[in-house]
Amino acid sequence: MIVFEDFTYAYPTGSAPVLRGIDLVVEEGGFHGVVGASGAGKSTLAMAVAGFIPHAQGGEYAGRVAVGGAVVADTPLPELVTRVGLVQQNPFDQISGARFTVREEIAFGLENLGVEREEMARRVDAVMADLGIAGLADRSPYALSGGQQQVVAVASMLVMRPEVLVLDEPTSQLDPGGARMVVEALGAVRRSGVTVLLVTHALELLAEHADTLHVLVDGEIAAQGPPAETLADDRMEEWGVGRPRYTEAAARARRDGLWEADRALPATLGAAAAGFRAAVRTEGGRR
Amino acid sequence: MSTGLSVYRGGDSFVHRLNPVTKLAFVAAVVIAAFGVDSLWWPALLFAALVLPGALWAGVGRRFVLLVFGLIAPFLVILFLLQGLTYPDPGTVLLELGPLAVKTEGLLFAGTTALRLLVMVGAFVLLLLTTDPGTLMSAMQQAGLPPKIAYVVAATMQIVPSFQARANAILQAQQARGMDTSAGGALARGRRLIPLMGPLLLGALTDVENRSIAMESRAFGAATRPTALTVVPDSAAQRAARWAMILAAVAAVALNTLGVL
Amino acid sequence: MTPAVHIEGLVYAYPGGVTALNGVDLRIEHGERVAVIGRNGAGKTTMARQLNGIAKPTAGTVTVCGTDTAGATTARLAASVGYVFQNPSDQIFAKTVRADVEFGPRNLGRSAEETARLAEAAMAATDVLDFADHHPYHLSPAERKRVALASVLAMDTPVVVLDEPTTGQDHRSVRRIERIVADLHAAGTTVIAITHDMDFCAESFDRVVAMAQGRVIADGTPAEVFARPEELELARVEPPQISRLAAELGWADQVTTVDGFVEELSRRAGGAAGAPGA
């Protein structure tokens, strides 16, 4: 569904490329995560999928990026936005300001696309039900919490029936309650069959939900694979990404001989618990 | 219900339920009539017989009076002072105050202008008190207002209050770094505030960048003609009434010019 | 010994009438590291704003480094309390990063040499020296947050308040902030942080104050506070990752840090036999 082939990009103002030789594939219906230190190129990657790079930015663009078979650089942005939805970091900035209730805010995209009224109403009500926000329908988007606003942003994109949803650090400005709301919304997105690319620092979230992680380091992909593998990689610290705390605990325990040497480091809470139970039972799993 | 720059508080009177375009037509009609007819009593009559009763009927009388007079009061003072004392010759002098003279014509002119202002402000306030901003925007768009203009109005209403909050936050942040905002005279204080425009604009610019990406993602400005989710109720009777009001106003002006009224 | 912060019977109501703080009593001695936790709306930021006088008590008293905030301006209290706001864009306004970082110490009356020295040290600690002469507009939000922190560190105040310092920060930045908190503590500075990040809270702070509905509902070490499920529920707060792991393993003893976990694991696994350097 999403294909990057040897993609290299430099911003018009910058000298050095921000992304170099990116090869990345996301299968249809997949849920992939992109992690990396600040400045590694994660947002640039997200924008390259959504098409704002190159269409809104210019810059030096080499290689190929395609979404659902359509080459991004060759497809006009108005068409791309119907295929790729984008959710950004700041909840407040994504409220259009054009509409005064949540229901109308969600419908805004469909209105701009000229969708017929009855179908629009059906789709809006369906999306609100799927994401559990039907109760917010008549409220002002500006009166919602950050988490609620982000779920409305997800709904506003989902209602346009995109093939892909790209989220660029959607929970980084939210409190844990708000972040949980967005995670639940992503569950609904997944169930609807939309392909998801999630750029985030929230490793635990990715551990539980993502099929594949891509680790960006200084503009290049340093590793990609299932969370269980990538999150356990010892190089994550030097890559500036870090690991979930229980993975760290297991790594330290292994050094002290308290984690079975041939057992993979855990990426999820469940795997960590299983591993540590074994450690205590067999007294460190040695001999 | 909406937050932001809005005085609307909800309500269910006949006036509330009218299509906003009908109310706009009312505003246009009374303004045309008030400004077009050359008479002191005409605008007074329009206000007393149409605008004020409209507010009372809608049940927003108290807020109406507070808002209208609150808005007009500063202008009234200036108006009467200026026109009253500086009306050009010739004129019937009532009172002499040194080089300036209070003339009847001046007072009459000031009075007429004041009453015309009263009608205009009153009609607009009546519209805003009885119309949900969202409904107003929808109705205007359905009547043909370009989406981009409607957007600017709606977004300004909803986003400007956040500016006030931001400006406050910025001021507090600088005080928290030891900037004493109370020291010095007005000029010194003003000068100190100028660099603070920076963060406000910087924040606004970043917001604008992000929001324009979000708007693009929602296909704003797409080639197709936009549709609308909510239909604002209208009727043939209202449509007829709109034309009737405008025609009546124009007729009044015409008759007045011809010397009949 | 005068405490760094002494709050007695603090009540605060917004002009509109909503009561945000319902009687808070809190005493923080010099040199403590305190994390304030609780859901949005519990009163954490409202209380923190009392510390440098941005908000004044409706009832009760707030005394900071011996000064009653009621009679002091924010500018004056800034000499005692450095407050790092959550949104760095509200704070940064100068044309270069260096100029912005120097703003605080300059206002507090430091000499030019002292200001330059403090600014240099603060920028080094937050790793923003590379952009010292850049315009802040060109920085990413995460970088701006570091600049905001540097500008307050440069003020060299006895008390530092951090409002959500790790929100939106990447792993390296979080580690950097943990180091900064440790360095401040070593230098005797009182550090108060409002945070949603329970892992950061458990790793870097000795004392946790949990708030809900405008009141303090728990006050103790991380181990003590995270062992109280009812209070955590009220505060709508989840314990640190590592505590959840310990709970999953059925351990009764409260573990809140990775080191603590490994120690406990070592104890339960029957001693440190075979562990290198144990």
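Labels A, B and C are assigned to the chains in the order they are written; within every chain, residues are numbered from 1.
Just so we're on the same page, a contact is a pair of C-beta atoms (placed from the backbone, for glycine too) under 8 Å apart; a residue touches a chain by one contact, two chains touch by 3 or more.
Just so you know, these numbers come straight off a predicted model, no measurement behind them.
Looking at B-C and A-B, the interface holding more C-beta pairs in contact is that of A-B. Chain centres computed from CA atoms place B at the largest separation from subunit C. Rounded to whole angstrom, the centroid-to-centroid distance between subunit A and subunit C, based on C-alpha atoms, equals 29 Å.
Rounded to a whole number, the gap between the C-alpha centres of subunit B and subunit C is 46 angstrom. One finds 45 Å separating the Cα centroids of subunit A and subunit B.
In subunit C, no position touches at least two other chains. Within subunit B, residues 206 each touch two or more of the remaining chains.
On the side of subunit A, the complex with subunit B involves touching residues 50, 52, 56, 77-78, 81-82, 85-86, 88, 90, 92-101, 103-104, 107-117, 120-121, 124, 138-140, 142-143, 153, 156-157, 160. Across the interface of their complex, subunit A is touched by residues 1-4, 132-134, 137, 150-151, 154-155, 158-159, 162, 206-207, 210-211, 213-231 of subunit B. Note for the complex: subunit C touches subunit A at residues 39-40, 140-143, 167-175, 196, 199, 236-238, 240-242, 244-245, 248-249, 258-259, 261-262, 265-266, 268-270, 272-276, 278. Residues of subunit A touching subunit C in their complex: 36-39, 89, 145, 169, 172-173, 175-177, 201, 204, 237, 240-242, 244-246, 248-249, 252-253, 255-258, 269, 272-273, 276-277, 279-280, 283-284, 286.
Interface residues of subunit B facing subunit C in the complex, by the touch rule stated above, are 166, 169-170, 172-182, 195-196, 198-199, 202-203, 205-206.
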